[in-house]
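Written out below as structure tokens is the structure these notes cover.
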Amino acid sequence: MTTTERTAASYFLPSDEPLGLVAPDGTPVPDPALSMPADDVLLRLYRGMVSGRRFDTQATALTKQGRLAVYPSARGQEAGEIGAILALRPQDWLFPTYRDSMAVVARGVDPVEVLTLLRGDWHCGYDPYRANVAPQCTPLATNTLHAVGFAHAARTKGEDTVALVLLGDGATSEGDTHEALNFAAVWKAPVVFLVQNNGYAISVPLEKQTAAPSLAHKGVGYGMPSVLVDGNDAAAVHAVVEQAVARATAGEGPTLIEALTYRIESHTNADDATRYRDRDEVEQWLTRDPVSRLKQYLTDRGLLDDQVQQEIDARAEEEAASLRERMNVDTELDPADLFKHVYAEPTAALKQQAAELAAETTQDQA
Amino acid sequence: MTATLDTDTTLPLAGALNRALADALEEDERVLIFGEDVGTLGGVFRVTDGLAARFGDARVFDTPLAESGIVGTAIGMAMNGLRPVVEMQFDAFAYPAFEQITSHLAKLRNRTKGNVELPVVIRVPYGGGIGGVEHHCDSSEVYYTHTAGLRVVTPATPDDAYALLRDAIDSPDPVIFLEPKRRYWEKGTVDLQRRSPGLDKAVVRREGSDVTLISYGGALGTTLEAAEAAEEDGYHAEVIDLRSLAPFDLETVSASVRRTGRAVVVHEASRFCGYGAEVAAQLSESCFHYLEAPVLRVGGLDIPYPAPNLEQHHLPSVDRILDAIERLQWDDAAPLDGEK
Amino acid sequence: MTTTERTAASYFLPSDEPLGLVAPDGTPVPDPALSMPADDVLLRLYRGMVSGRRFDTQATALTKQGRLAVYPSARGQEAGEIGAILALRPQDWLFPTYRDSMAVVARGVDPVEVLTLLRGDWHCGYDPYRANVAPQCTPLATNTLHAVGFAHAARTKGEDTVALVLLGDGATSEGDTHEALNFAAVWKAPVVFLVQNNGYAISVPLEKQTAAPSLAHKGVGYGMPSVLVDGNDAAAVHAVVEQAVARATAGEGPTLIEALTYRIESHTNADDATRYRDRDEVEQWLTRDPVSRLKQYLTDRGLLDDQVQQEIDARAEEEAASLRERMNVDTELDPADLFKHVYAEPTAALKQQAAELAAETTQDQA
Amino acid sequence: MTATLDTDTTLPLAGALNRALADALEEDERVLIFGEDVGTLGGVFRVTDGLAARFGDARVFDTPLAESGIVGTAIGMAMNGLRPVVEMQFDAFAYPAFEQITSHLAKLRNRTKGNVELPVVIRVPYGGGIGGVEHHCDSSEVYYTHTAGLRVVTPATPDDAYALLRDAIDSPDPVIFLEPKRRYWEKGTVDLQRRSPGLDKAVVRREGSDVTLISYGGALGTTLEAAEAAEEDGYHAEVIDLRSLAPFDLETVSASVRRTGRAVVVHEASRFCGYGAEVAAQLSESCFHYLEAPVLRVGGLDIPYPAPNLEQHHLPSVDRILDAIERLQWDDAAPLDGEK
């Protein structure tokens, strides 16, 4: 054979059943492959999910008030969004999609800056270098390659940075996902691919997207260890992402994680999911809710009582109120910005167009 | 079933497209429709609404999420005698299919000296004006018009939406069918008998003698408004709807410009290397001695498509068109000798 | 879970070691998963490989004489090229690459028409509908999607046609391969993907192309049965392709086959493989030669003797002579053809350009 | 090591590019080079010859075979402070990367209001004239020049190959660097001090008073030949090498055309919606009252790039350029009044 010695395929394959630590009813399910996060981490996961869900509801409300042009809700996916983010270290980077506003907020970006895109004021409202979060990515799967390049560069520079990229089940069908998984594996880049398989790509259900036993089964085809995890189990998501980050840091390369979850809302507020799926299915998934599941577990463990819950709720409410208030302030946009960042320095043509636009605006105001 | 017996009906542009697809599916069993969300959902703009239910999911169906996959398999299907009509969900999401479009769809007929024919239609909702976020508003026509072997058409009215789409599906050539999404909801009378001028003809939408305004797709409506407004300023503007961008109907356009002596091209795409450049270049050459002023272009700014709350600064407006008309040297230039 | 019931992953995985029927030294190696082709098939395989190799040598010679602009040799890959083609039925279709001239010729296309491309006279010199062979494809991996679409259309029309697509190890890295494998599996399209893993993509060795246990391990990630086969064993290649064709015909969908082989020559005559690989490696592979291996087996079985060998050689020689002769005739090209096939009917602009060119040509001749 | 101490040297264009890459790698440790076959082999045109051996395979390396992957990871690397210089093996093989180039490389700076800078150079051997088979000869410049946010440059001489590539690598903006492969082997003196006019300036390659010939890349040599030939017919042709296609140096070009009153644009790409259209449109507007004749375009035919044995009919030839000069209405047009 022309190839160097190869690792046995079984090393790369995911488990048949998704890994989990907390059952839907809140009871612990010990898994030899995973260890339960520490109590303080579990509490932070819970807090994060409560805040995240409140943020999500608030954002949806803002679309109704016309303060946001559009919003893709992550309701139901809180365990993936928060579980993954809390497993990152400060120096790590996040490469999110349009669906992951909740994760971006959890990473510490001001929610008003996060919503700049969906409010329609600018394409990305935050500085990616402040919280190490790439702009939310709309062209599906394209961010997977950015994450691989970023991670590889870190390794080249001798920096201990891991890149976590989020993508959906639909995005796994794009050629870019394939190329990213392959480059990452060949380069042993410190990347974690987290596929949030929420069952749908807009209206298209998973069975029209793939015929594979699981999306995590793609990993072996790249020589990449792969994990299938219950995406509604924040403790489990946190544990597997943390493991993957540790592998990456240790120079062992990338990991592919598929988190099985569900999109409770429509694709965005502009979509109407009743056109393509049954209410039954949604109901079914509501019984697997990530937030109440962890709540039950924490309560049973005596880590959560009414008082702590009230504190958590109050804080989430406060954050939402602040967001609402600040989103209700009309922004002043400067059309001159249109020309400033196309190139490092505006070209002669852009300067002229800027001048023409400025003249128009003055005229209009006169 | 009796759909094609009607003659006229009033429909929004999106509805006219839906009707064209339905009638094509009805009349030709080789026609099939696929893409992202075009089946059960009926498309994010509902252009394929009801078609999967009516024609079954062997003929109207959702694919995995991969645009190169959609176009690449459409090519294979066309090689095997079918007539696929595929949808790219938004303009910028057609870019993953660029290689399949450019290196195969456009070239296979030529590559095989006509042995392989690819009657594929790629529907692309394009352009801005609906408050869409980035990647949902590109005017990507030039990427296609510069590629020999493709036909590129774009309707501006419901009637044309119906006629052009039917003609596109019937065409033996691959057609990039650009749908101006900001006009999807505008209603108009649709002639179901398709007394259309054909796939490659421009039409005069408004007659005038002083200046020729040339536009297409989403910008045509704005151009017509501008023509009305110009009338108040005393300019009788002729308005031409190109409909077909590739090929370009120079004959119709230059006949008009030779009469009026002045021309403005209007489109949403960035001006630099935009479609207007070709129109201006051809007119400057073919009407050189008739032009009283340079052919002017009103286009989008030379910037990435802006965020929704700034898009009005990018898009051609009535005012900008009027301003261009004003700049057509009405006073200073003595008429050129009418030689040639 | 949101998915319909899934087939066990093991069903889709390839064997750890490549399947084979005839060892490099010509001894049979029974394999429970495969059955040895019938004697007449084996003889046809041998004939085909001898003719194929002779064609290949002739084409290389034609580049030296300036009769071909460029030629990518398939020397060493005869088992894949011929084994696969002879497993097809007349109604099946082949989607070849630039490397597969030998396969196209074996499929019955006139070699002069095949070489039109590399001679520089036109892009495709044959009518694809005559021998059911798509034009040889240069943009890597793009032909995989054409094959899937073609096959799906056949199924839609109720026709029993299988599409066989050839690609290289390098081409598996392209996004299009991923999309094609996925579409094929989801649609259960009657396609056979045959990856000829010849160890190199121009100068890039397999280990820079993938970190996977094998390329065939990609199949499970699409829910596609996958086969790893000795690509220098014509009997084995024939057997696995035949099985895959049978599966496709039975409505069981696509198969991914990886054939392990080696490119004996440089990438093309314009390339210099000594820049990136050792002669030792080539020598090593020469001991696994597909042609002499089958020759040995057939001789041992008493199916091949000197007389038959002479007949076979003579026929190959004749074919090569005819090719050489016909390629030595200067072709007359008509520039008017440039405009005729861009569209079904030339546009006004093309008519004008054709007229201008005709005028130029007349002028030049005057 | 002491490479940069030299001043002048004679090199073929490909060698000048190789030298530019070596010097950039030497001077800036953030620079890295990757793509298909650029490592051990040194590129199919040997432009990266010897670099992997000299700088190690952490800085110069082969990637898996996937162009979107190459550009997409380059974007990520640039976000993380590196300066990738990547190669697309041939023009048409850059198309799989079109989405990454158009939707990200061109837009990320703007998207983030300047927070993210992408100093990525994409080297693309482009154009015909070397007897290459299909997909190896496309002149794809307009796909990029129409995309705001990209710089697009193309050298025509070894000296410029060196200077432009160094400037491109130093640029904070993404640059599409188009290499006219038919000129790879032409030799010239290279100024290693880079007294270059800068990344976005056109230069006059030959002075003349009667007509301005505007060209770039592979067609410049042909245009200069034509200018020599025209001299024999009594026309003093000025020849401008654009070098930078985006942005377009209107100032230099229109200054010349205002002097000569006549202009011909020459390029290999198909004429329809080709780069010449933009040049013609801008000149027709900015030099309207100076033009004695329409701006003419000599371009490739509006067909897919032909097979090697027919490419001579497609490519701009000296004769076609001379013919265009002849058609510039030398007799019939009375000079226009010089009014402005």
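Each chain carries a letter (A, B, C and D) given by its place in the written order, and its residues are counted from 1.
In this section, contacts are C-beta pairs under 8 Å (C-beta built on N, C-alpha and C of every residue); 3 or more make two chains touch, one makes a residue touch a chain.
All of these numbers come straight from a predicted model, not from anything done at the bench.
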Reference subunit B; chain at largest CA-centroid distance: C
A-D against C-D, pair bridged by the larger set of C-beta contacts: A-D
Rounded Å distance between subunit B and subunit D, as computed from the means of their C-alpha atoms: 30
Subunit B-subunit C separation of Cα centroids, rounded to whole Å: 40
Mean-CA-position distance for subunit D and subunit C (Å): 37
Set of subunit A residues in contact with two or more other chains: 122-123, 139, 173-176, 179, 182, 186, 208-210, 337, 342, 347, 349
Sequence positions of subunit D contacting 2 or more other chains: 63-64, 66, 68-69, 92, 95-96, 99, 103, 107, 110-111, 134-135, 148-149, 248, 272, 302-304
In the complex, subunit B residues that touch subunit C: 32, 58, 63-64, 66, 68-69, 71-82, 84, 96, 99-100, 103-104, 107-117, 148-149, 151, 171-173, 200, 247-248, 250-251
Subunit D residues touching subunit C - in the complex, by the definition given at the top: 36-37, 39-42, 44, 62-66, 68-69, 92-93, 95-96, 131, 133-136, 272, 301-304, 306-310, 313-314, 319-320
Interfacial residue positions of subunit A with respect to subunit D in the complex: 122-124, 127-129, 134-135, 139, 142, 144-154, 156-157, 161, 163, 175-176, 179-180, 182-183, 186, 337, 340-344, 347-349
Parts of subunit C lying in touch with subunit D, wherever the complex brings them together: 69-70, 117-123, 138-140, 170-171, 173-176, 201-204, 208-210, 271, 275-276, 331, 333, 335, 337-339, 342, 347, 349-350, 353, 357, 360
Subunit D-touching residues of subunit B, taken from the complex the two chains share: 68, 92, 95-96, 98-99, 102-103, 106-107, 110-111, 134-135, 142-143, 145-146, 148-149, 246, 248, 269-270, 272-278, 280-281, 284-285, 288-289, 293-297, 302-304, 332-334, 336-337, 339-340
